[in-house]
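You will see chain A twice below: alongside chain B first, and alongside chain C after that.
Moving on to the complex of A and B:
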């Protein structure tokens, strides 16, 4: 029963959402509204589970000598942000907002910016024309890179045109193929979940 | 070449144009022109929904994009109902919105509203189509939606003329899947450069009413608005950065060829 109950819930609610999309009826609309509310309520509880799990994990780690400083920073961050958020709110100009913009945003933007340096270094070391295919790839990448910046247009007006052609035809054709594949895969997985064949979400 | 020298070269290429502008001209692409024209075609007094679907890490690209789009909307006296589908986009989205609204003297509650963040975007997007107040009984500033004149007038997607997702991930796709398919609302996207290529099929199929991609898109949009901003400035740095990477690839290949010949 413990296994069957979640499978029944998934099948019933999944089929209901599928049917109500195509059928217009007031009683279906009402139930649909209720389900949307429930989805958000359940999701909020999963956030709590995540937060509690994170706190428990770092409380445990804070006793280990080597990992303790990182865990202390994480736990302090949670407590400080929670404290200022609850006491003062999160509007522009609040302490919460100040810490968010000057600590979290700066740190995350810096981490992401480092990519430019790593990409440059990796391109220098790894982007080699070892075969005809690699040479084609290399040339196309260089044209798109130049075509996507105004300097490309300064060198030749043909570069942005060619870059746009690459994006609008060969690249789009490949992308469409991938999207169709994803779409078919999603439908197949959804059917497997509704029919109870796919059970990985139950941890099986 | 030692890694440290590569880093120094990239640093120079990215920072010099920020202090010594090159004055590069930006050619406006069709997709950006289409986005711009979609907003131009909206009658003044319309309401547009802007969703800040990005995280803090991509602020260098998403801020110029959001600012350019919001400047266009407010300059045309279009009201904005805004929200975020990602927790980190909430604080950033609110401050961008406030900054641009103040620039144009727009009033909170009457000209623009920021709803805030709700988790689980499928349910949020679908729920907003029925009633904003059911998903967000209060806005980000804890006002009841029933107390704000804009949300008294616009209660669900029926009052929304266009949905714009400023994103660094796959959220625009969800707006198409749920808001457009179910409620027939036009969707446009302003996304980071790395995501832009993924969305070209949506543009050509007509599912997107416009697409602004990365700093380049923001710079083009600023050209259309006639006011240079962060996009144009950042694009000059990116131009030299791209040139430097191409130069490094060529140098690397020449060195590789020389070693192969020696062998």
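Moving on to the complex of A and C:
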């Protein structure tokens, strides 16, 4: 029964969503909205699970010499944000808002900025002309890159047109081929889950 | 809670605009059911997927080097099919890891994914007869900030130096940050995602990449379950069917006959 209950829940709610997609009825719409609200409510409670796990883990790690500094920073961050959030709220101008804008956002922006360097190093490795295929990739990439900057148009008006043609036809055809595969894979996996064939996500 | 019961409560109307979707779904379902039935009788062949064959190699390498395996499902929540597919692969990876006695680290973006991953790994360790080797501390929640998560996983890579990184699930702009950091520490990397944009980054930075439906086929390939294998075979035949339909559409559209195109387009 312990195994069957989650499978029944998945099948019932999955089939409901399927029926609701094809059939229009006020009570179906109402139930659909009700389910979405409950998903949000349940999700909020799961955040507690995450937060408690995070705090427990870092309390344990803070006693290890090697990992202690990272855990102390993490725990301090949680305590400070919680303290100011509860005392002042998170309105514009509050300490919570100031820390968020000047620490959290700046750190996130720094991580995102690293992407530029990673793109350069990945492009260097990816575009090395070690084979015919790599040479084709390098040439096409060079044309597309030139077509996207003003200098490409200055060299020849044909370069931007050719770059657009590459993006809109061969590249798009390949992407759509992959997308069709992903779509079919998604449908097949969803059917397996609905029918109870796929149970690995339950740990079985 | 007040329940509103309008007079039209029993009024059911089929949404005719979605008839084409229903027909496609029925065809899809019928083919999947047929091949599952056929799969039960055995004899279905799946072509080898190099990315999945490499999982053994990656875990073996980590064991020889005495280093951990890092597994991430990315930014996807549990309701995403790519995350479910990733959990299916995780079950098999965890069994291999358990049999070799290699540590498995899973930093999670979502608390629900964390709970499911803990359960999947725990069950896999139990199945391998090593429940005592399971470490719940190695599967933990990190943050729901996209780049905060990338920073945390990068930090784990740099500190723990895993010998194998598995990026299987939903990834966005952080994909290259993760894959390039993994590359810099010399880890063998296997990736798979349902995002076509991120696939190109993974192909460049990882040793093996599961492209498109390969991520969803992994479960059947790794488990060898004939029912799952049958549904994957159905996917292949559906692709053949779609290719034929596209071919007919190309010919008819070239002849300026658009009724075929209109049949499949949005209503």
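The rule is short, and it goes like this: the second predicted complex is superposed on the first by the 196 of 204 C-alpha atoms of A that agree within 3 Å, B and C clash if a C-alpha of one lies under 4 Å from a C-alpha of the other, contacts with A are read in each partner's own complex, and residues count from 1 in each chain.
What we mean here is this: a residue touches a chain if its C-beta (ideal position, glycine included) is under 8 Å from a C-beta of that chain, and two chains touch if they have at least 3 such contacts.
Bear in mind that the values here come from a model prediction, so they are computed numbers and not experimental data.
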> So, does A:188 touch the first partner chain B, the second partner chain C, both, or neither?
Replying inline: second
> First (chain B), second (chain C), both or neither: which does A:170 touch?
Replying inline: neither
> Of the two partner chains, chain B (first) and chain C (second), which one does A:6 touch, if any: first, second, both, or neither?
Replying inline: neither
> Of the two partner chains, chain B (first) and chain C (second), which one does A:100 touch, if any: first, second, both, or neither?
Replying inline: first
> For A:69, is the partner it touches chain B (first), chain C (second), both, or none of the two (neither)?
Replying inline: neither
>> For A:149, using the defined touch cut-off, is the partner it touches chain B, chain C, both, or neither? Pick first, second, both or neither.
In response: first
>> On the A-aligned overlay, A:160 touches which partner chain: chain B = first, chain C = second, or both, or neither?
In response: first
>> Quick check for you: in the superposed arrangement, does A:26 touch first (chain B), second (chain C), both or neither?
In response: second
> Regarding the shared-chain residue A:201, is it in contact with chain B (first), chain C (second), both, or neither?
Replying inline: second
>> Per the definitions at the top, what is the overlap between the chain A residues touching chain B and those touching chain C?
In response: 21, 43, 47, 104, 108, 111-112, 119, 121, 123, 125, 175, 179
> Which residues of chain B touch chain A in their complex?
Replying inline: 1, 3, 6-7, 9-11, 14, 24-27, 29, 55-60, 88, 90-92, 94-95, 98, 118-120, 122-124, 126-127, 130, 134-135, 140-142, 182, 193, 197-198, 200-201, 204, 214, 216, 219, 235-236, 238-246, 248-249, 251-253, 256
>> Give the list of chain A residues in touch with chain B in this complex.
In response: 21, 33, 36-37, 39-40, 43-44, 47, 89-92, 97, 100-101, 104-105, 108-109, 111-113, 116-117, 119-121, 123-125, 127-129, 138, 142, 145-146, 148-151, 153-154, 160, 164, 167-168, 171-172, 175-176, 179
> Where on chain A is chain C touching in the complex?
Replying inline: 21-27, 30, 43, 46-47, 49-51, 53-54, 57, 60, 66-67, 70, 104, 107-108, 111-112, 114-115, 118-119, 121-123, 125-126, 175, 177-182, 184-193, 197-198, 200-204
> Quick one: in the complex, what on chain C touches chain A?
Replying inline: 4, 6, 8-15, 18, 21-22, 25, 28-29, 32, 36, 78, 81, 84-85, 87-88, 90-92, 108, 110-112, 114-116, 119-120, 122-124, 137, 140-142, 144-148, 150-151, 155, 159, 173-174, 176-177, 179-180, 194, 196, 199, 201, 203-205, 211-213, 215-217, 219, 223, 225, 227-228, 231-232, 234-235, 238-239, 242
